[in-house]
Amino acid sequence: MSTFNLDVYMPVVILIALAMLVAGGSLLLGGLIRPHNPNKLKETAYECGEEPIGSAWANFNVRFYVIALVFIIFDVESALMFPVAAVFKKFTQIGLGGTLLVSVFSFVLILVAGLVYCWKKGDLDWIKSFHSQANYAKKDK
Amino acid sequence: MFTNTLFLLSAALTLGGAIAVVYSQNLMHACIYLLASFFGVAGLYACIGADFLAATQLVVYAGGVVILMLFAIMLTGGTGNNINRYGLEKIAAMGNKKTYFFAGITAILASLIVLKIIANVLKDQSTTAVITANAPTVERIGTLLATDHILAFEISSVMLLGALIGAAVISRPRKERHD
Amino acid sequence: MNSTVVTYLSQSKELTNAISWLTKALGFDASSLVAFVIFLVACLIVVGVMSTIGGLGTYAERKISADLQMRIGPNRVGPYGILQFLADGVKMILKEDIIPSGADRFTFMLAPFLCLVGVFATLAVIPFSSGFILADLNVGIFYLVGMASLVGVGVFLGGYASNSKWSMLGGMRGASQIISYEIPATITIISIVLLAGGLSMGTLIGGQGGMPQEWYLFHNPFAFVGFFVFFIAALAETNRAPFDLPEAESELVSGYHTEYSGMRFGLFALAEYIEVFVVCGVATALFLGGYKVPFDLGTGAILVEKLGMDEMLAKNIGQLLEMGAFFTKTFALYYVVIWVRWTLPRLRVDQLMTLCWKYLTPIAIFNLLGCAVWMYAFDGKSIYSLIFETAATVAGHH
Amino acid sequence: MINLGSYLGISFALFICGILVMIARKNIIAILLGIELILNASALNFAAYTKFSNNNLDGHILSLFIIVTAAAEAAVGLGIVIRFFQLRESIHIDDAASLQN
Amino acid sequence: MDYTFWTIAPIVLLPFFAFVINAFIVKKFTKLAVAISTGSIFVSFLFALRIFFDFMNVYSVGYHIHKVFPWFNLSSGSHVFEVKMGIYIDNMTSVMLLMVTGVATLIHVFSTWYMHDDPRFGRFFVYMSLFTSAMLGLVLSDNLLSVFIFWELMGFCSYSLIGFYYEKEGAGNASMKAFMTTRVGDVFFLLGILAIWSVVGNVSFVDIYNAIAAGKFNGLTISVFSIGVPVATLAGFSIFMGTMGKSAQVPLQVWLPDAMWGPTPCSALIHAATMVAAGVYLSLRMYPLMELGHLTTFIAYIGAITAFGAATIALIQTDIKAVLAYSTISQLGYMVLGIGVGSYNASFMHLITHAVFKACLFLSAGSVIHSIHCQEMPQMGGLRKKLPYTFFAMLLCCFAIAGVPFFSGFVSKDRILGDALVMAFNNPVYIPVALLGFGGALLTAFYMFRMLFLTFLGEPRDHHIYDHAHEEHLGWNSNIPLLILSVFTLGLFYSGSFTGQGEVNLFGSRNEWFSTLIHKPDAESLHHYAEYKSEDFGDVDTRDKLELPKAEYDPNHGMSEEVAHHVHYIHHVGAIASVIIAFAGIFLAFSMYVKKSISADWWAQTFVGWRRALQNKYYFDDLYIGKIIQKGLIPFNNFLAWFDMGIYDKYGVDGWAAVNRFAYTVSRWFDNTVIDSGMVDGTGWSVRAMNTILRWVQSGKIQLYFIVLIAVLAGYVWKLSF
């Protein structure tokens, strides 16, 4: 079995450090030469010229969360799928591809069932509120 | 040399992040520190040759869980007020001295437990420390997942399905609620 | 395993000699030190080149859009205005750095860093050529996915920290768009991993060839569809038009970086342009044969054989050819990205989500399963080789 | 430097930080952050034990499933938090004590 | 016959896959789901039949199949921690398999008729499939751990099926009660498994037997409240607690009558034929441990008390299913009694015979209920003309359960009672056991025929119900299952002879196949298991090439001639006594409810106090709910709440303030005059104390629980380390 030295992670560390350096360096460099005379008007948040009303950190629609939820489930699914996919070719070569195919199929299809559920229940519809408002309007009549 | 540097950097990031999570009084910042801590843990995984785990840590935690938490913090409007529904003052959401005091006591008790458990390991680790060379893990993990741990692999999909449906049902806004 | 730029260079005798000399001189194993120096230099080169490409990207964008709209575009700074990006950069550095008073300062400062770190870290596994890849990690593509997801966090935090309604909306939209489109992209990547049988860039490209029929793009119908799924998803992940809802000028002023000014804004822009290059590079590597050049020119073996060239020189020439192939394909895709931006109108937000979850993701999953079946049924042979073999069998050849 | 002891120490420290966060905070999401720390500590332990014992990767598999479970847990847990917030307009843990008696 | 994965596993897997498939398709394709469920269990039955006939062909005591596969292995170095799962089939298992699959098939068929009007027709079959597969898995298990897993799975199915009509409040409560009551036993069962594991290092049956034979349990004690208790006793008792929970033995019998809220076919399958028998099956399997732990007397008493007590309660029940429920408890008591008096074969035989006739009785009751939509016996009467087939089936079953000769109940119960009598003659401690056993037999005959007479004979008491009763027609899925089951109440299927005494040879030497084949693993014969071999799945089975000795009928049951003669004598006495008792009971019921020569009301009025006790089921429910839960658990809960509010919040969170306030109060107390402080502060203090008490009741904070958890764990670790 082939082994490796941890030196291969060097570029990763160097690149992260460089990113910090580039960002921090350019800001520092700019800090030396750029003007700095803030005033209150400059520092208010932009609201098309109006005075900002309240904080922007208000509650947001829950549909953002549902999207993130579906995302994390599929993210985890992909994390589990990657190693299995990586050995799929080897398994087909040694004649075990059928078994693995079945397990991959069942794995993916079970998760697709979840996607289909969310789809059917309308969790993936971005403008669900319009529909429900329309429904309420119909009911009122 | 580089290995040790990487280890030290990762450990510092991990512990620094974790301690910052403990001391941060701003939930959003705590979440960012947590992200740093996750990065550090990924580095620690990389140090022991667990390259796939390190990447998974990045993908699932840094890319998934942290985003989810940030969203949840936004959806619940940050830190919130300190008055409960009876109009009485609550303990501050991020804790105060008293809760920290109790947390400290609990942590001391917990550390007693853990130290008691790991004391034996630390004592005789000189005999068990056989450091093997780092080898690529992806294919071996894939093989294990496809053979020995196939049931866990399949069941985890069922668990994820359950989590997806359960969380979607829980967090779905109810139409009939008007108040 | 894990071929890096160092392992490539250590094929030459000079380097090994230098290492042994240094080891003798310094009294400890200098290979790590030399590796560090080489990596540092290589990283600096890559970052420099990428920053230039990012800068030139803005220039190319303006020039191409001008072309498409029958304008001239930037033409003042330098010949054909090519130094425009330098002027822009200088301007950004000189601009005043304003932090809104209501902002969360710590997060506000951190957000561009996160974006930049996420993008720069992905550069480590971009395969410019078979030798010049900073680190061909075992988990290459998976690592790339993980690091790229950091951009989502950066965008979200940028939007959050500004404490402005436009930024907040843009940040939420941006983050949810990035994470949403990560799913079809990742699943498509899995289907290519399935074909190649490994996660490292070397394996992924190694399964392809220099000729188009050997690319994974034409390996089977599923992969062909998968390329478009990946490309659309990658486009959306970089918040490029027609998926630039987070920074939709007509709706959200400027999206998550409304409150950012000066160099901080510049960092966001730099990250975005480099990310476009990265996703184009990944698309090239996964589907378009990456750095592969036809007729084994890449290894230089043919040069040594026919022309009797020095082995190392031939290899270096091969590397240059490979690099040329990679950059050509990537820039072609880069051009398509810009072309798409100035051709297509922006999607509505509900269309965006519909496209991701109701079209791309199911198609990607279908492709994944299709690729698996293809691998199983045809033993991993591409459609071209199937046809070729059938024809050969029919013709009586073996 | 890289040995079992240092890894156990780090994961121990992570665990204690997690417990501190879990007890000291009154915000449910913050408590979930603590839980994530604890889960990370345990996953790190598994990987470290695998490395410093027989390296047969079973520990990696366990860590992998811990990560998977943690993600699912975060999804459901935060879902509950959000639902709770919709009902009570609060994510203070002491407001979530209505199951008393 | 070769045994591979594909000849054994489908027995469990078919119903399980039926469950999985049906769970998805049941809403859209109800009929298909029902067909899949029923078909799968029928195919399982065919597999079981194949195994059964193979075992009958070999006809050897030692014939067994033990296939194992490693589940997980966490061994490192010398420390072995390996868990294997496997399948273990011996003669007992093969009979159990046949019984479970056969009865389950018939009940599935019956359910297609009984439940077809129900809105949740399909879902019922989903649960039933899961239940059946769990039961079969339990029967096939070779170790306690997988038994426990399937055991819990069955508990869950039972919960779901009792609460099947969840829109009725009683059903919901009953399901919860069943779940919680059996949980008490299950916790003990788990503890028992752990105790066994700590000694044997494994929980496979064969390994446990070998460990007992090797004397691993000898001299091992564990300190419980600083009294040394032998581990064997503790483990045996814990496992027997599991039996008590699952098989509804006193004092954990309270859930079974309430379980009758479930649909009748599920009562027939779960709460009469199979699941409750699983407890007895477990005790049978663990018999050597019970013997080693000197628990047999205790078990015999529990069984006898259950058998008699439940029979007395059954006397006054008016609900037809309640009568059957109590008779089930009573009969389970007989099985447990049989284990206690060492009547291993007979106990197992009673398990099988009881499963058959009780399933039949429940299905008959279901048929009656379906026909008249009423469960109260006082409103029935004269249904014989309307439901002739049901009457016939029920009559046979009543004969069987009452112990009339030539019926299965006689064969099995008589032998248990005979053995009890033998024990009573040898050891006076067992005299009450035998007396309770015989008394229960009398009551059994009485109440069963009371039920039969009240339901089918006499004049219709409620003409409205009678006139609206559906006429019964012979249908493949309505009364054919009843008739098939009722045929199997004949004794000769179980004894090979009509009387069960081994005198009439019917199938050559194969008479008395229960006594011949079922191998009692007592202290003398345990060493046989050392020769038992397990093999991995997939290995080619070599067993059919083995020359196994044929099992032979030994009229002396391995005893010396003299002892055997004595035993035979007592057995004959017992047999005659039980025949007399059975007929006496039937006669009593006949004269009371048909002839009406004895007034039932007179009895009721004379024994008012006792009757009230019976109506209240000996106050067990009151005890559990009123005393233990309300007086015990809720105060404990309140204590924890007090700990939270009173200690954590008050002294911890408000700690500094409280300390200051206290110091302030104290100083003022010294400063002011005694009367002043006594009056003013006393009043204030009492108000505050009242407030505190009120606040104690209010808590529910998760973090406190966590603190307590850590503290307790720390204390435990501290205790361990010193």
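Worth a mention:
Should a chain be cited, it is by its letter among A, B, C, D and E, assigned in written order, with residues numbered from 1 in that chain.
Quick note on the criterion: a residue touches a chain if its C-beta (ideal position, glycine included) is under 8 Å from a C-beta of that chain, and two chains touch if they have at least 3 such contacts.
It should be emphasised that the depicted structure is a prediction, and the values quoted were computed from it without experimental measurement.
Touching chain D and chain E at once are the following chains: B. Taken together, chain B and chain D share the touching chains A, E. In this assembly, E is the chain whose CA centroid lies farthest from the centroid of chain C. Two chain pairs are in question, A-C and A-D; the one with more C-beta pairs in contact is A-C. On a Cα centroid basis, the chain most remote from chain B in this structure is E. Measuring from the averaged C-alpha position of chain A to that of chain E gives a distance of 52 Å. Rounded to a whole number, the gap between the C-alpha centres of chain C and chain D is 34 angstrom. Our note on geometry: chain A versus chain B, Cα centroid distance of 18 Å, whole angstroms. Centre-to-centre, using mean CA coordinates, chain B is 29 Å away from chain C. For chain C, the set of residues touching two or more other chains reads 1-2, 32, 35-36, 137-138, 142, 145, 160, 172, 176, 179, 182, 198-199. Contact with two or more other chains is made by residues 19, 22-23, 53, 64, 67-68, 71-72, 74-75, 78-79, 82, 86, 94 of chain D. Within chain A, contacts with two or more other chains are made by residues 2-5, 7, 9-10, 57, 60, 62, 64-65, 68-73, 75-76, 78-80, 82, 85-87, 90, 108. Those chain pairs judged to touch are A-B, A-C, A-D, B-C, B-D, B-E, D-E.
Considering their complex, residues 64, 67-68, 71-72, 74-75, 78-79, 82, 86 of chain D touch chain A.
Contact residues on chain B toward chain A in their complex (touch as defined above): 2-3, 5-6, 9, 46-47, 49, 52, 56, 59-60, 63-65, 67-68, 71-72, 74-78, 133-136, 138-139, 141-143, 145-146, 150, 153-154, 156-158, 160-161, 163-165, 167-168, 171-173, 175.
Residues of chain D that touch chain B in their complex: 1-8, 10, 12-27, 29-30, 32-34, 36-37, 40, 43-44, 47-48, 50-53, 55, 57-58, 60-61, 63-65, 67-76, 78-83, 85-86, 88, 90-92, 94-95. Those residues of chain A that touch chain D in the complex are listed here as 62, 65, 69, 72-73, 75-76, 79-80.
Of all residues in chain B, those touching chain C in their complex are 1-2, 26, 28-29, 32, 35, 51-52, 54-59, 62-64, 66-67, 70-71, 74, 136-139.
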